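Both complexes below contain chain A, partnered by chain B and then by chain C.
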Partner chain A sequence: MSLTRIYKELKRDLNDIEKGIEEAVASDHPTLHQAGYELIKAGGKRIRPILVLLSSRYGKKDDPAVKKAAITLELIHTASLVHDDVIDNAELRRGKPTVKAKWNNRTAMYAGDYLFAKAIDIMADIQNPYANQVVAKAMREMSIGEIEQIKDQFNYRQNLRQYLLRIKRKTALLMAISCELGAIASGASRSIGRKLYYFGYFMGMSYQITDDILDFVGTEKQLGKPAGSDLKQGNITLPTLMAFRHSDIKAAVKRTLDMDNPSAQDFDGVINLIKQSDAIEVSQEISTQYLKKAYNILNDLPDHSSTRSFREIADYIGIRKY
Partner chain B sequence: MSLTRIYKELKRDLNDIEKGIEEAVASDHPTLHQAGYELIKAGGKRIRPILVLLSSRYGKKDDPAVKKAAITLELIHTASLVHDDVIDNAELRRGKPTVKAKWNNRTAMYAGDYLFAKAIDIMADIQNPYANQVVAKAMREMSIGEIEQIKDQFNYRQNLRQYLLRIKRKTALLMAISCELGAIASGASRSIGRKLYYFGYFMGMSYQITDDILDFVGTEKQLGKPAGSDLKQGNITLPTLMAFRHSDIKAAVKRTLDMDNPSAQDFDGVINLIKQSDAIEVSQEISTQYLKKAYNILNDLPDHSSTRSFREIADYIGIRKY
Partner chain C sequence: MTINEVLLDIKKKLIHTIEHPYLGKYLNQPYIDEDKLLAFYLLFKENSSYKEMNDYVIVMMLVQIALDTHDKVTNEKLIDQGSIKERQLTVLGGDYYSALYYFILTNIPDLKMTKQIAGAIQEINEYKMAFFANDHIQWSTLLHQLGRIESALVTKIASHLGFSDWAEVMFDYFLLKRLSFERHAVNSGSDHPFSFFHHLDILNKKPNTPKVTLQKIDYHFQEIKLRLEQTLKDSPLFAAFLKHCSLKSIFENDGRVFYDQRLAEEG
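What follows is the complex of A and B.
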C-alpha cells in the first residue's frame, strides 16, 4: 500500500504545481533563492497539493485557481516548517540541514516571512475573498499553535485536550483547508467543501498523531532526524502524554528533562520506558479513531474517483511507517 | 509645526481605527493578547493610517474599506517592528521593553506571524484583489529588505544604492502603498492612486533618512532608546556611509566595530567623529532632495484639503526632531 497510484494519476498536474512552486521561490535575492530552492528540492510528500487536486475533481475541471491554491498551501506549509525549525532549534529536516542551521535564525524567520507573503500573493490572484479569508485564518491559528507549543514545552501538566488543539493548529487545519479550497476553487458545492474540510481535519489529526508515534518508534534513517527528537526538545506529544498515566514513567521523564545536561543514555532510558508501556498502543488507538471519522465522511460523499483516492490516502495513513 | 491640526481633523476616524486595531489584536491567547495590547498601546504616530485616511478623501467618502486598509497597514507595520526587534536584538522600542525582550525571540516571531495573518485577514474583507496583491508584494519586499539588512550588517563595502534600496523596502514602500490603498479603497482614480504612491514613497525615503540621522543626533529621551544604536548593532546607515568618504573615519569605525568588546567610550568616539564630519549635513541634503520630489508630486495633485494636509506632513518631516 502506497500513494504510487495517486501520484501517477495526478502526475501531470503535480508537475505543473512543482514548477509553480519553483517559480514562486525563485527570488532575485541570492540567499532566498538558494534557501527556497533547497527547501523545495528537499521535497516532502506534497500531500497538500494532492488533497487540493483530488478535492477539485468534485467541481469543474481545470480551473487555474485550483493549481494556485495548491501552490499557496504548499508554500504556507514550507514557510511554517522554516519557522518551526527556528522554534525547535532543529539542525536537520528531511535529512538535510535546515535553513536555520545553514544560515541563522533571523534569516530563517525572514525566509519564512517571504514564503508566507508569496503564498498570499498567489492566493490573491484567485480573486476569491472567501478563499483568502480561509487561508488568513488558518495562518493565524497556526501561529497561535506555535506559541502554545513554546508554552507547553516542558509542561508536564498539559492534558489531552491541549495536545489535540495544538496538533489541530499545527497540522490538521492546513490539511482541512487544502481539501476545502480544492472544492471552492473548482466551484464544487459549499456542502461538499465543508465535508471535505472535515475529512481533511480528521485525517490530519490521525496523520500528526502517527508522526508523533513514529518519532518514538521510527529509525533515524526513516525519520531523516534522530528518533526521540520531540521529547529531547521538551515537546510532550501523545505517546509521552499517554505514558504519563503511569506515575513512575512520568517521574522518570520529568527527572530526565529537568537535568542540566541529560546524556543520550538518559534519554534512551526514558524513551524505552515509554515505548515499552502501553502508550504507543493507546496513541495508535486514538489515531485510528480519527481515521474512522475520516472514513465516515468519505461514506457520506458521492461515489467518485476522488472519494476512492481519498480512501486510499486514509488507508495509507493507517499503515504508514515513515 | 506639528501634526496636531491633522490629528484633530482626523480624530473621529483615527479613533475608529484605533478600536479596530485593538479588536484585531484582542486574541483569545493570553500571551498574544498581552503582547499585542502592549505593542498597540506603546503607540507610535499612526502615520500609515493618517496617510490612508487623507488619500481616501480623493475618492468617495466613508467607504468601510478605507478603515480596513488603515488597520491592515498599521498591523503590518507593527508586525514588522516585532520581527525587526528579533533581528536587532532590541531590548527597547518606543521606550518600552520589546516583545522579544519580555518573552523571547520565538514568541516574538510567532506574535509577528499572528499580526501579519490578522492583517491579511482584515484586508481580504475588502474583497479587492488588486489591493490584496499590493499588500502581499509589499510584505514580500519587506522580508527581502530585512534579509538584506542582516547581510549588510558590518559590511563596510556597501554603497549608497544598497542603502537606498534597503530603506525603500524597510519604510518607504509601506508608506507608498498606504497612500495608494487609501485612494484605491475609496474609489479614487488609478492615476491619483499612482501619484499618491510616489508621494508616499519619496516622503518615506526622507522620513527614514531623518530617522537614521536622528539615531546619531537625537537624545535617548527623544529616541526612546540609546543614541547610536544603529551603529552599535552594525547597521550602517546613511550618516555612517557618508562619513566613510573620509578614509580615516572609515578606518576608525571599522576598527571599533571589529573589536571583541568595544566599550561605550569607543563607540562615543566614532559616533562623535561621524557627527563632527560633514556626514550629517550631506545626509540631510539627500533627505531634502527626496522631500522636494514629494512636494513636486503634491504640486501635480488637485487642489484639495488632503493635498494641503500632505504638504503639512511633508513640512513636518522636513523639520522633525524625534
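What follows is the complex of A and C.
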C-alpha cells in the first residue's frame, strides 16, 4: 500500500504547488534562499497539500485560493520544523543536516520567521476572513502545544489527556485544518468543511501516535534520527504512558529520568522494557481507534473520488512503517 | 486622558496579552519599546480611520516583541539544563507572540494590514541575515541594515497609513536609539543578548576594539542626531513624538548622557 496513485492523480496540481512553494522561499538574501530551498527539496510527503487538494474537490474546481492555502500550510509546517530543530538541538532531519547545524541557530530563527511571514502573506491573499481565522487559531494552538511539550518534558506524572491534547496541537490540528481549508477555499458547504476537519483531526491523531510508536520500534535508518529519541529528550509519549500501567517499568523510567546524566545504556534499558511490555500493542490499538473514527466520518461524506482517496490515505496511515 | 495615560493603558493591555504562566516562570517579561508604542499610537491616531486603534498598536508591538525575542536565541553551545530550557522557551515564546498578532488581526479582521506586517517581517529578517553575514564590516552598510532592522515595521505601517514622510525620520530615530543601546553595551563590556555588535564580533572572530567601536558609534550618533534636529523644524508629527520619546533629553541638552531604558529593564 502506498500513496502513489493519489500522487499520480494530483500530479499536475502538486507540481503547481511545488512551484509556488519554491517561489515563496525565494529571498533576496542568498543564505535565506538556500536554506529555504534545501528545506523544501529535502523531501517530505506533502501530506498537507494533498489533503487540501482532495478536500477542495467537494467544492468548485480550480479556485486559486486552494493552492494558496496548500502552499501556506506547507510553509507553516516547514517553518515550525526549522524552529523545532533549534529547540531539540537536532543535527539531522530526514537524514540531512538541519538549518541550525549547517548554519547556526540565528539563521534557523530568521529562516523560520521568514517562512512563517511568507505563509501569512500568501494566506492573506485569500480574501476570506474565516479561512484566515482558522489558520491563525491553529498557529496559536500549535505554539501553545509546543510550550506544553516543554512543560511536560521529564514529567512522568502527566496523564493520557495531557498527551492527547498535546499531539492534537502538535500534529492533528494542522491536518484537520488542511482538510477544512480545502473545503472553505473551494466554496464547499460549511457542513462538509466541518466533517473534513474531523476526518483530518482523527487521522492526524492516529498518525502522530504511530510516529510515537515508530520512535520505539523503528530503526535509525527508517526514522532518519536515532531510535528512542523522544524518551531520551524527556518526551513522554503514548507507549511510555501505557507502559506506566506496570509499576516496575514506571519506577525504572522515573529512576532514569531523575538521573543527572543518564547514559545511552540507561535509556536503552528502559526503552527495551517498554518495548517488551504490552505498551506498543495498546498504543497501536488507540491509534486504530482514532483511525476508525476517521473512517466513520468518511462514511458520512458523499460518494466522491476524494472520499475514496481519503480512505486510501487512512489505509496507508494504518499500516505505515516509517 | 493624557497621552501618557493612554499609552500606559495600552501597555497594560499588551502586558496582559503576552502573559503566559509557563513562559513567565522561565523568561523575563519581554522588553517593551515604549518609543515604538508611542510611534504606532501617534500614527494610528493621526490617521483616525481605525476604530480599534489600541488593538492595532498592540498588534504592532506583538510583532516587535516576537522579533526581539528571537534575537535572543544565540549560537553558543549550551550544557546547563536551565539554559537549554530558557533557549527552548525563547524560541517558542517568539512563535507564540507572533501567532498572537495574526490571531488578533484576523479577528478584526484586516487582511491588508496583515499583508503589510508580513512583508515587514520578511524584510527585517532579510536585513538581519545580511547584518550577521557581513564578512568585511563596512560601517555605512551595517548602519543601513541596522536602521532597517529597527525601523522597517514602523516605516511600512507609516506608509500604509499615508505618512510616507515619516519613513526617514523613523529610520534615523530608531537607528539612533539602537546606537545608544549598543554604546552602553560596548561601554559596559557586557555580552548583552540584545547587542548586535557583540554577536557580530563573535561571528566574525575579529572584533573591533571597544575603543574603535565606540568612536565609530559616537561619530555616527552625532551625524544622525544633527539630521534629526534639522527634520524637527519641518515635521509637527515628529515634534509631537519627540515630546514623549525616551531620547528627548539629547535633543534638549546637547552632550548630556542619557539613560537607556532597555539596558535598565533587561538588567
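Going forward, the second predicted complex is superposed on the first by the 322 of 322 C-alpha atoms of A that agree within 3 Å, B and C clash if a C-alpha of one lies under 4 Å from a C-alpha of the other, contacts with A are read in each partner's own complex, and residues count from 1 in each chain.
Note that in this section contacts are C-beta pairs under 8 Å (C-beta built on N, C-alpha and C of every residue); 3 or more make two chains touch, one makes a residue touch a chain.
Note that the structure is predicted; figures quoted are calculated from it, not measured.
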{"item": "Combined model on chain A: chain C and chain B, fit or clash", "value": "clash"}
{"item": "Touching partner for A:Gln162 - first (chain B), second (chain C), both, neither", "value": "neither"}
{"item": "Which superposed partner A:Thr288 touches (first chain B, second chain C, both, neither)", "value": "neither"}
{"item": "Touching partner for A:Ile147 - first (chain B), second (chain C), both, neither", "value": "both"}
{"item": "Contacts of A:Gln34 with chain B and chain C, given as first, second, both or neither", "value": "neither"}
{"item": "Chain B versus chain C as contact partner of A:Tyr114, first or second or both or neither", "value": "both"}
{"item": "Residues on chain A lying within both footprints (that of chain B and that of chain C)", "value": "27-29, 31-32, 83, 86-87, 104-107, 109-111, 113-114, 116-118, 120-121, 124-125, 127, 129, 132-133, 135-137, 139-140, 142-144, 146-148, 150-151"}
{"item": "Interfacial residue positions of chain B with respect to chain A in the complex", "value": "27-29, 31-32, 83, 86-87, 104-107, 109-114, 116-118, 120-121, 124-125, 127, 129, 132-133, 135-137, 139-140, 142-144, 146-148, 150-151"}
{"item": "Touching residues on chain A, where the partner in the complex is chain C", "value": "27-29, 31-32, 80, 83, 86-87, 89, 104-107, 109-111, 113-114, 116-118, 120-121, 124-125, 127, 129, 132-133, 135-137, 139-140, 142-144, 146-148, 150-151"}
{"item": "In the complex, chain C residues that touch chain A", "value": "20, 22-23, 66-67, 70, 73-75, 84-85, 87-89, 91-96, 98-100, 102-103, 105-107, 109, 111-112, 114-115, 117-119, 121-122, 125-126, 128-130, 132-133, 199"}
